[in-house]
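See structure below.
Lettered A, B and C in written order, each chain numbered from 1.
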């Protein structure tokens, strides 16, 4: 089968399917054909289709569970004019929980709560599981055997991702001890006043104007320190 | 707006719409844009899209009420395979009915119901007869003259049996299940079973010699029993 | 001196608003805020860490260098506001208030010389704030990704006419046998339905006899016995016919003693 015909056939199959199709699934769909394409032929055709359709209105895109045809997200603003219905909105609590599961999986509900500083409602976990974005991976071997949660391929598909590696990178966490604590410390305290100070005095000291300067220095020093 | 971007936008709109879009409808969808295309621009873009996608798997096609995205009809044969459904599963009630007919034939529906403790739907009997696994052998001489059911040669063929004698006795079923909960009987599956060769099956295949021995014994025992 | 410090601290805060060109950093006591609006404002926080982060960011402060006393005071003001509005205050907010008070009191105590920074009473709080901030950012990033239903839509393509056939279900013999085991086990729970199982060869032969009768009708008794099946076959046939008679499925007929015996289906 020539490569143009194979590409046309693959595009038709992906366009007609109601779920992303993997290379293996596509391969199986050609089973029994006189000129059955190999998996490498299929992979090559898919690569070309993805590249050719990148700027088109309907593009072939690779996501976690395979290749799908989708409306180019760049045109979302125009396309939503077609629809009456507003897209579903998700609460920040739900998205925070989902982000924690995505970046920290496998993770227990208790661990999520520890980081968020508030309890996670069962409804959120249930919604995430019903959407098939999150599933139980197992149970942690601690008292109570809490469930360990992780994300699914459907989660990646929904957010247009091929793998977890494509998630935006987490911002860096700065190391406290690299910031020369003594400096910041010493002026958080009434200088040269070993006697217990009362609240009012402490507050004054903390708000001292030169504190900013001091901590500015601390940051500078820290910047040089790792060298 | 340059013509490539307009074509991409129009393709996205047509692809996302659940009905064909006319030139006027497309024109309205651009209302309020800074660079609003004219109807002639839209017509020209549509013409080009129709021409460009004629040999593709997903084509833009003009129909009576406007333009739509469609799967290239030339690929219908392959696309059909996508919708080839997995064989449905028979209900527990059907399997129990079939098992009772196999072991207790000739048997009436009333007798099956008495053993199962629940009524047997006519659909089950009909399905089993249509599959040609069960047939009416005659009628019992009791009020209502109920049909007597028995299994057919096709039933034996499907399950790869030479005669009903090869079916294990009840105590053997219980024993085999106890000693080989996973393996019991699994190689007695119909040989034409087109299940995909996945890992699980590969493992089964490795275990095959053991299993065959086990069920071989079962058959032998069954053969001796009537003596 | 105290006033001076207070002033400096206030200046470091971001103003709430500009009134006649003057930055306003403290909510005027007499300013009326509709409770509903305040409620919305307070409910915008995802928890105590989120509220603390807001207080820190509002003043352009670095998390690594939190002025605990200031933040604690402001935090407590919000808590009091929530309590005054009789908002249902999640317990976590009060736990955080206690933690802040503890840190504040520890900051006031003299520290032995040479103590390492891990003993900074703020360390744990700073770690938690940073971690929460990290995931707050990650949540925003996640929310910004193009996603289905909002930015990405599936094609609504017309399919060519397709002829799809539904295959027959597959049954393994294992499923069949397990179904049999279960139904028998279940039936045995009821004493009245004790199931006696004849050898299958007899049941099978019963079916074959009925089949033959259905096809041929009135049949001579002898025809059911085939010498080539051996003694076993003859016994099985005999048992099958007896069982069929017992179950009123067939009738045996003999016109006179020693005359040929005939078999006929009873209901026919």
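Note that in this section contacts are C-beta pairs under 8 Å (C-beta built on N, C-alpha and C of every residue); 3 or more make two chains touch, one makes a residue touch a chain.
These numbers were taken from a predicted model, which means no experiment stands behind them.
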Distance-maximising chain from chain C - centres being C-alpha averages: B
Middle chain, criterion being Cα centroid separation: C
Centre-of-Cα separation between chain B and chain A, whole angstrom: 36
Centre distance in Å when chain B and chain C are each reduced to the mean of their C-alpha atoms: 26
Inter-chain centre distance, chain A versus chain C - centres from mean C-alpha coordinates, in Å: 21
Touching two or more other chains - residues of chain A: 15-16, 58, 69, 71, 79
Residue list for chain C, restricted to those that touch at least two other chains: 153, 155, 157, 159
Chain B residues within the chain C interface of the complex: 15-18, 58, 61, 68-73, 75-76, 79-80, 83-90, 92, 95-96, 98-100, 102-106, 114-117, 131, 137-142, 145, 148, 150-151, 158-160, 163-165, 167-170, 173-174, 177, 184-186, 188-190, 193, 195, 222, 225-227
Partner chain A, residues of chain C touching it in the complex: 1-2, 5-6, 8-9, 12, 46-50, 62, 64-65, 67-70, 73, 90, 92, 96, 104, 107-111, 116-118, 120, 123, 126-128, 130-139, 141-143, 145-155, 157, 159
Partner chain A, residues of chain B touching it in the complex: 4, 7-17, 29-30, 55-58, 69, 71-72, 75, 78-79, 81-82, 196
Partner chain B, residues of chain C touching it in the complex: 153, 155-184, 186-187, 190, 193, 195, 197, 199-204, 206-207, 210-211, 213-214, 232, 235-236, 244, 247-249, 265-268
Contact footprint of chain C on chain A as seen in their complex: 15-16, 18, 58, 68-71, 73, 76, 79, 87-88, 92-93, 95-96, 98-100, 102-103, 115-119, 157-161, 167-168, 170-171, 173-174, 176-177, 179, 181-182, 184-185, 188-189, 194, 196-197, 199-200, 202-209, 211-212, 215, 218-219
